[in-house]
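Note that the chains are named A, B, C and D in the order they appear, and that numbering of residues resets to 1 at the start of each chain.
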Amino acid sequence: MGTAVIIGAGEGLSASLARKLHSRGHTLILAARNVEKLSPLQKETNATIIACDAANEKDMEQVFLEADKLGDPLDIAIYNPSARVRGPITELDPEAVKSAVLTTSYGAFLMAQQAAKRMIPAANGSILFTGASAGVKGFSNSSTFAMGKFALRGLAQSLARELHPQGVHIGHFVIDGGIRSANRPEQTGSPDAMLDPDAIADSYLHFIDQPKSSWAWEIELRPWTEKF
Amino acid sequence: MGTAVIIGAGEGLSASLARKLHSRGHTLILAARNVEKLSPLQKETNATIIACDAANEKDMEQVFLEADKLGDPLDIAIYNPSARVRGPITELDPEAVKSAVLTTSYGAFLMAQQAAKRMIPAANGSILFTGASAGVKGFSNSSTFAMGKFALRGLAQSLARELHPQGVHIGHFVIDGGIRSANRPEQTGSPDAMLDPDAIADSYLHFIDQPKSSWAWEIELRPWTEKF
Amino acid sequence: MGTAVIIGAGEGLSASLARKLHSRGHTLILAARNVEKLSPLQKETNATIIACDAANEKDMEQVFLEADKLGDPLDIAIYNPSARVRGPITELDPEAVKSAVLTTSYGAFLMAQQAAKRMIPAANGSILFTGASAGVKGFSNSSTFAMGKFALRGLAQSLARELHPQGVHIGHFVIDGGIRSANRPEQTGSPDAMLDPDAIADSYLHFIDQPKSSWAWEIELRPWTEKF
Amino acid sequence: MGTAVIIGAGEGLSASLARKLHSRGHTLILAARNVEKLSPLQKETNATIIACDAANEKDMEQVFLEADKLGDPLDIAIYNPSARVRGPITELDPEAVKSAVLTTSYGAFLMAQQAAKRMIPAANGSILFTGASAGVKGFSNSSTFAMGKFALRGLAQSLARELHPQGVHIGHFVIDGGIRSANRPEQTGSPDAMLDPDAIADSYLHFIDQPKSSWAWEIELRPWTEKF
């Protein structure tokens, strides 16, 4: 089997992805800014855990150098991190805006570059990006998140055109709605009003499993009751 | 299990869908303008075959009245028909344009109306539309197909907003590229340069299987080498 | 100067367009289903008035045969008609849906075909379509309008690709919001919450005036306070 | 009259804008990384010239502090800078990518923040961004430019939703094609195959002149012969 790298592994979606990939036999690298909370998942999936600032070039390179040591060829790389700075444009701190945009989009570029270097020679692999509805619609008081998630989508679309003909599959997932977690459980009385991370993960796996003759590059996922 | 209606069942994609749904235990109704060529598929899938002009209100109603007789509740309806009239706008025959637009889009409305009447009370079911890249990009010398496929996409998007909160799932599939068939086999030297109908059908099944908390309404599918 | 044909001339927007084009020296043809109410505008702009069912091929041809008699070459054609059938898909009358879709989109095709035949030989002219936000977003309980206005947008985009290189300019105007009229006056307390038809008309004229080196094919117009 | 700030004033488009705004009576501030080449334009338009790294917070603030000294209220701010790093993703220098993305998008945020602080209290003014087709379509070997221009478009769309209801008008111009200049003159034999900067500037002025009841936030401009 292959090796899968998940950047931003502290999210609930990442735990679902890690479990499903582990059960398929993948070797896992989980990278996150804070790795303390990852130890239960590490035990469950036998993953290698690495601390990583996703927007830091050296940190990202280090993650993939670790992946190289694991033996199985890298065939999956998933990018989850994002940062939001909310508020009227006049009240935003420029340094915080810059940092948030870089985390949401530039880190994804850094991951994609490392992954592409390894996947192109094999003409095999999937590079997947976790986007948001903010990447297709710029909301009021959310200019920072709009910049980051639009940039992420532009990166993904550009790479789909560039890398699909080289055998590397790109996926951009527009997640529209809250994701269930221990901190954000399902509300009584409104079943399925929040996204189940296992259900999202199944769409990531569907992309990974698509034969070359029928590749998607993007899908929007939202609860059945979510307005859009 | 449930009943699945496929309109425009003469396409290669429909044969893949019919086989996969049959193997899952679905009861099938296959409707097409010309039903002669459907008899091998009928034998293989034990489907009920009905002749139907998709843009004819009475024909469409008849298809669903037949479905009602089969016992299993209707939970899948798939619309494939489309008609193209190519050429410079100045050279097109207005009657042919009207007929093509109605086949590509109005027939889909007729099917969706019949399906919605049956699925909404059960808060269950999937209504799926086979679109084309012409539904998201209007090409030169293709004004008729652009009208029909844009209209189909507008219908699907409107119904996603209307029916998702009622428990009925909408899917719009933007097929971009040629589909392999006996008449259009894979070219030597360019593997996977045409869409495999079985691969497309797997994406239809992925939509059908998505839990309510994580529904997509659209996906674009194209061969890895297709320019877009 | 040239001749301008306006289809669907009973709208307030059309009166603004007619006055502005008349004051620039254009000869006008105003076509509408009901022409009785057009006589004040006819007197003001010295227009030729023709009764026309926009989705009827012969009626549309007749409008342009009248235009041919006026001497000045046709260089502007504007399509306004649309028809709405609102409600849940299960309650819509299929015949009314068909008629509405044809009025909103097929009539535009008929006009564009007549106009293109006259403009392409001169490599000159503007064909403009009045769209709606329903053409870029399919709303709930509005499947019919979504089909018609998406189809209109697909037609416009296809023709922009086809006719721009032949010197004929296409414009698609996404009008998002209510248009002021004698029947729908500006509300006290919310200035400019409805579109002023003179302001919209100025954007149509801007398209008409764009030099060939810098052509747009689409613009969205909405009041400053309109949510989108 | 008012004061207009143009960031990235070394472009040919900026010279057209500066001349047109000067002739309307606007007081001008022209900011660019290299200001030497601006002196002819400075003399012609009586502009104040400031050296500015657009992605530097302090530099941007300084530009607007200069504008405050000029007496006329700021009512126009235009952002032109962009930076491209072309090539396969595997060959790009991460530091160059980061710098290019920040110049193309983060600098626009910095300008918009300064402008919004001054325009919101007056409920008046236009903030205009020069985009590119790379902002709506991510091209192969152009991931960096896609990130920057998508982010710029996300910023503009978010600000349209946020600032239009506060009386500040946003414009995003999707320039698709080469712009004529002394260095890139019109080719013999293909008239109007490159955008005339004066024609583009007229569309900027059209946005500035739109009444509040009929505001656009985006327009695509391309030569009549440009493929899209």
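Methods note: a contact is a pair of C-beta atoms (placed from the backbone, for glycine too) under 8 Å apart; a residue touches a chain by one contact, two chains touch by 3 or more.
Here the structure is a predicted model, which means the values were calculated and not measured.
**Student:** Quickly list, by label, the chains bordering both subunit B and subunit C.
**Tutor:** Common neighbours, subunit B/subunit C: none found.
**Student:** Over half shared or under half: which fits the residue numbers at the contact of copies subunit A and subunit D, same or different?
**Tutor:** Same; most numbers are used by both subunit A and subunit D.
**Student:** Quote the value, from 0 to 180 degrees and to the nearest 5, of the angle by which the CA atoms of subunit C must be rotated to coincide with those of subunit D.
**Tutor:** Between subunit C and subunit D the superposing rotation measures out at 180 degrees.
**Student:** Just curious, how far off is subunit B from subunit A if you go by their C-alpha centres, in Å?
**Tutor:** 32
**Student:** Taking each chain's centre as the mean position of its Cα atoms, how many Å separate subunit A from subunit C?
**Tutor:** 45
**Student:** Which residues belonging to subunit D are in contact with no fewer than two other chains?
**Tutor:** 161
**Student:** Touching residues of subunit B toward subunit C in the complex: what are they?
**Tutor:** On the subunit B side, the touching residues are 57, 88-90, 92, 94-95, 97-98, 101-102, 105-106, 109-110, 112-113, 116-117, 120, 134-135, 137-144, 146-163.
**Student:** Which part of subunit C faces subunit D closely enough to touch in the complex?
**Tutor:** 161, 164-165, 167, 169, 180, 191-196, 199-200, 202-203, 206, 209-225, 227-228
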